[in-house]
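See below for the structure under consideration.
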Amino acid sequence: MINKIEGLVAAPFSPMKENGELNVSAIPAYYNFLKKNGVAGAFINGSTGEGVSQTNAERKLQAEVWAEQIKKDDSPMKLINLVGGTSYQECIDLALHSQSIGVDAIAILAPFYFKPGTAKALAEFCAKVAAAVPEMPVYFYHIPVLTGCNVSMYDFLQEADGLIPNLAGIKYTHEDFMDFLSCLSFRDGKYDMLWGRDENLLSALVLGARGGVGSTFNYAAPLYHKLIKAYNEGRVVEARQLQQLSIDMIRLLGKYGGIATGKAYMRYVGLECGEFRLPVKNMTAEAYKAFEADVRALNMEELFSKF
Amino acid sequence: MINKIEGLVAAPFSPMKENGELNVSAIPAYYNFLKKNGVAGAFINGSTGEGVSQTNAERKLQAEVWAEQIKKDDSPMKLINLVGGTSYQECIDLALHSQSIGVDAIAILAPFYFKPGTAKALAEFCAKVAAAVPEMPVYFYHIPVLTGCNVSMYDFLQEADGLIPNLAGIKYTHEDFMDFLSCLSFRDGKYDMLWGRDENLLSALVLGARGGVGSTFNYAAPLYHKLIKAYNEGRVVEARQLQQLSIDMIRLLGKYGGIATGKAYMRYVGLECGEFRLPVKNMTAEAYKAFEADVRALNMEELFSKF
Amino acid sequence: MINKIEGLVAAPFSPMKENGELNVSAIPAYYNFLKKNGVAGAFINGSTGEGVSQTNAERKLQAEVWAEQIKKDDSPMKLINLVGGTSYQECIDLALHSQSIGVDAIAILAPFYFKPGTAKALAEFCAKVAAAVPEMPVYFYHIPVLTGCNVSMYDFLQEADGLIPNLAGIKYTHEDFMDFLSCLSFRDGKYDMLWGRDENLLSALVLGARGGVGSTFNYAAPLYHKLIKAYNEGRVVEARQLQQLSIDMIRLLGKYGGIATGKAYMRYVGLECGEFRLPVKNMTAEAYKAFEADVRALNMEELFSKF
Amino acid sequence: MINKIEGLVAAPFSPMKENGELNVSAIPAYYNFLKKNGVAGAFINGSTGEGVSQTNAERKLQAEVWAEQIKKDDSPMKLINLVGGTSYQECIDLALHSQSIGVDAIAILAPFYFKPGTAKALAEFCAKVAAAVPEMPVYFYHIPVLTGCNVSMYDFLQEADGLIPNLAGIKYTHEDFMDFLSCLSFRDGKYDMLWGRDENLLSALVLGARGGVGSTFNYAAPLYHKLIKAYNEGRVVEARQLQQLSIDMIRLLGKYGGIATGKAYMRYVGLECGEFRLPVKNMTAEAYKAFEADVRALNMEELFSKF
C-alpha cells in the first residue's frame, strides 16, 4: 500500500493552448514549478484539472507526461490520477492505463449522473473499478458539491473496508468535520485522509490531518507551508492569520466567477495555463486587470509560489 | 429541420446480457415491439438507456443497430440519439458519428459535473456541439433532477434562438409548467416541446404538447394512446382515470427502488432487457415476485404493450 | 362539512398603513372589491396576507373584520383563516377564535422550524389543532417552498383520513401534479383539492380541480374567470393564451423582487394596501414606475379586477 | 456591551410535564445542575429549548424563572434569551420583556418563513428588533439548517456593523469555517463568536473560538471542559480523542430520531425534562432501553454531567 502522504498535494490545472487544445508541452515546466515549491504530490485530472471536460485520450496523455516527468527526475513526488466518471468500464480503462505507465495511485469519484443513494451502492461501484488494479492504491474523491452524492464517508468506510482491499484513503472535499474525524479515527487511523478544502486546512490539522489536496497549493504553496509549520510549532495565532490570508485569497475566486479564477492566479504567478473549457466561464481581459489589483492588495507576494 | 413529433417517443432501455455486456442482438426485436405498439420514435442512450453508464463505443454501437433497423424497414419512426456528456469534444464525436449513420436528430444534456450557472453558459455549451452537425436537428434534454442544472428553459430559448440555428426543441423532463408553456408559446410555437414526465402527460397536453418522450411508453404504450385519444375526443374524465392508472403504475418504480424497475416491467411484458449497470441498483428475484403481484393487481393487462 | 369550493378564492393582502401598522379600515372596501369581481372566497392570514409577520392579536383582528363583512352582507363568499404556526397551542388559540367569530374554515401549515419528516408526524400535528374545533372544516395548506416540509400529500391523506374527521381538503401550492391527481382521486374524490399555483391553473383544471386559492385572483380575477370559462366550454387554445398572459403577469413578480410585487399590482388596480413588512423587501417608488410601464405593456387592462 | 463569553453555554431543554405543559418548577434544579457542572451561561428558548413550539407567554415565563434563579444566586452565569420569530413585533415584545426582567442578552433568528435573501435584508430585520432594546447586547443565532436562511455571516457583519450598535456577536451553528474565521477576524475580533456545533468544537477552538453554545453541554459538560483544557495545554491527541467521544455520543441522536434524544440523555444523567412537543418525535420506552445500553457502551460515565 501507499504510505500516507504528508504535506501539500497540488491538483494541477490542465494547461490549454489558445485554441482550447490540451498543451502537454507545458507540463515539464509545471512539474518543476511544483517541485521547486515543495509540493509533495500531484492529483491530476481532478476538478481543478477539468478531467471531466477532457476526452479519455487527453486524460491518458496528461497522465503519461506527468508520469514521465516524475520518473525521469526520480522524484519523491506522488502522482495520483483521477479516473472517475459515470461508466465503470471507462474508469477501469483509465485505471489500467494508469497502472501501465507507473502512476502511484488512482482516485475514483462517485458517479454523478445516477447518484449512489447508499454507502453500499457507492462502495460497490468503487470496488468494481478498484478490483481491476488490485496492486494500486485507490483513493475515493469525496466532493458532494459537484457529484451530488452525499453519502457519509464514515458509512462508506464501513462498507468499503474489506470489500476494497486496495483502498488507500479519501480525498475529502467537504465541510463535515464530524464525518472527517470519524474517518481519521476509523480502525486506528488505517486510511489516508487527505483534506480537500484549503480554506479551512487549519481546522483539519487540529483533527490530525497530515496532508491536503488542493488547487491553491498550485500557486500559494509557501503560504500553506508556513501555516503548517506555525501550527506544528505551536504558533497558532500566526497559523490563524495565515489561514485568514488564504481565505482572503480564495474569496477572490467567488468574486471573479469561480473555478476559472485559479488559472488567473497561475498567470499571476507566471505559469500561463490558458483557459478552462466550456461550460466553465473564464475571466475577461478587463476583469483580469481588476483581479490583478485585488491580488496585489492582499499584500502577500512572498507567500505565492515562485516560478 | 425536423417536423414536430406527434405521439409517443419511447426511451429504450439498453439490453444487457447476464454478464453485464451490451446485448445489441436484442435490438431488432425491440424495434419491432415498439413499432407494433405504435410508438413514433426512439430516444436512445438517454437516462432510461443508461447512456452515461456505457462507453462511447457502446453508445455508438447501439446507435448503429437502431439506425439500421429503422432504415431497413423504411420506418417513419424517428431516431434521436443522446450524445450528451461533460466533455464537448466527446459530444461532438458522438454527434458526428450519429450524423454519419443516419440518425434523425441528436440530443444534448446540460453538462452535469461543472453545471452551467446561466442560460447563456448553457446555450454556449450546446452551441459548440450543435455547430459540429449543422444539418442535424438538435434537442436539448432538460432533466435538472439528474444534471443539477436548473436553468429555466424559457431563458435558455432566448439565448439559444439564433445562436443554435439547428435547435429543434426540448425534451422537457421537469415539473415547471409555467416554464414549459412559455417555451411552447415562444416565437409562435417555433420549437418542438416534447414532454418528458409520463405521470403528468395530461397536464402537458392541455397546454398544447403534442408528443412526449418517456420510459413507460416502452411497456405501456396502449395506455397512453388511449389517454391521448380520450383527451383529444373530449372525454376528459376517462383521460384522468388513465392518467391515474399511469401514476399507479409509476408509483411501483418508487416502491421497488427506482429506475431499474423499468426493466422489470419489460420482463413483465415479455422483452427481457437484463439489468441496469452499477451504480443503479437492481431488483432481487424475490422482489420481482412481489412486484409481479403488484402489477397484476393494477388490473390493466390490456393497457400494457403487446410483445 | 364544507361543500367543495368552486371558482376563485383570493388570498387577500394585509392592508398596512404608511407606518407599518395594520389598516383594518381598508377591509370593507377590499371585501366589496373581491365580491364585485366574482371571487368565491377569501383565504386570509396566509402567505400573501403575511400571517406569519403579524402578531396573533393582529391576525385575530383581521379575521374579525373579514368575518363581520361577510356576515353583514349575508354573502356566499367563504372565509378561510390560516391559523398555522410552529406552536400548536397558538394554532389552537387562533382556531378557537376563528370558530367563535363565524369563520367558515381554518387552514393549517406544516410547522416550519422543526419540520415533520413523515406524513404521520405531519398528520399528528394537524390532528392536534383540528381536534380543538371538531365542527369546523380544516384545510391543510401545502407550500413546501416556504415551509420546507416536503411530505407527499397522497401519503398525508392516507395518514390523516380517519385521524382528522374534520379534514376538508388541501390548498395545494406545489408543482407535483402526480401527487395532486392522486389526492383528487383519493377515496373517490372525498377531499376538496384547491389549486394554489395560479400560473398553471389550466394544468390543474384538466385533472379535475374545480377551484383555486391564489394571490393573483386579488387583482386579475377576470382573467381567470375567462380562462376557466374557455376551458369549460372547450376553447382550449384560448385558455392557453390566457394562461400565458397570467404567466407574463406573474413573471413581473420575479422581475420586481417577489411577493411584495403583489401589493404593487393592487396599487395598480386601485386598492392601496401599503407595504409588506420586513423581512420582505418592497419596491422603490422608482421601480414602481418601471413596473407600471411593464404592466401596461402586457396590454390586458380589461382582464384586471375592477375597483 | 457584554464581555465575550468564555467556556460552555448550555442551551437548556424546556422541562415539560407528562401532560405536555411547561414545568417551570424544574428550572431551579436545572440551574443548580448547570452551575455545579461549570457551565458559563444558559441560552434559553432556542432550538434545544423548543422556543418556537411554545406560546409567547410560556417563553416569557421560562425567562422569568431562569432570570430569578441567576439573580437570587448572584451568579456569574450569563442568561441569553432567544426572542426570534417571524413577526418582528412579537420579537420586540419578547425583547422588551427580557430587558424588564434582567436577562443579560437576547438572541434573534433569521425569520424562517419568508427568508431574507440578502445580508442587508437580514440585517434590517435584526436592526428593527435590536433597536427596541438599545442597552441590551444582541446575538444573531445563525442556524441555516433550520431557518433556511443561508446568508454568509461575514456579509451579515458588514451590513450589521454600525446599523446595529448593540450587536454583540453570533451564535454560529453551521459548518462554514471559512465564514466563521472571517467573522472572528472581522474588525480585529470585535464580535463575540460563539460556536454552535459541539461535534466539531475542536476545529473552532483552533481558529480562536473561546466559547460555545450547545445542547450537549447540558449533559456532558465534563467532556468538553476536559477537551478545552487538553487543547489549551497542548495535548491535542487527547483533545481529538475527546472530540471523537463527543461525536460517538452525538451519533446516537441520529440513531434514535434526532433532537428529542437530548431529553433522553437528560433522563440518563438524572434530570427528567419530559418530552418534546409535536411536531418533534419522541423515543418510545422500548427505544429508550436500547438507547441506554448504547450510552453505557460509550464507556464515558465520568464525562457526563453530575446531578
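Chains: A, B, C and D, in written order; residue numbering restarts at 1 for each.
Keep in mind that, in the parts below, a contact is a pair of C-beta atoms (placed from the backbone, for glycine too) under 8 Å apart; a residue touches a chain by one contact, two chains touch by 3 or more.
Keep in mind that what you see is a predicted model, and the values were worked out from it rather than measured.
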item	value
Identity of the chain that, by mean CA position, is farthest from chain B	D
Chain B and chain D, separation of their C-alpha mean positions in angstrom	50
Whole-Å separation of chain centres (CA-atom averages), chain C against chain D	36
Category of the chain touch graph - line, ring, star, complete, other	ring
Contacting residues of chain A [partner chain D, same complex]	175-178, 181-182, 184-185, 197, 199-200, 202-208, 231, 234, 236-237, 239-240, 243-244, 247, 250
Complex interface listing, chain A residues touching chain B	47, 50, 52-56, 58, 86-90, 93, 110-117, 121-122, 124-125, 128, 146-148, 259, 277-281
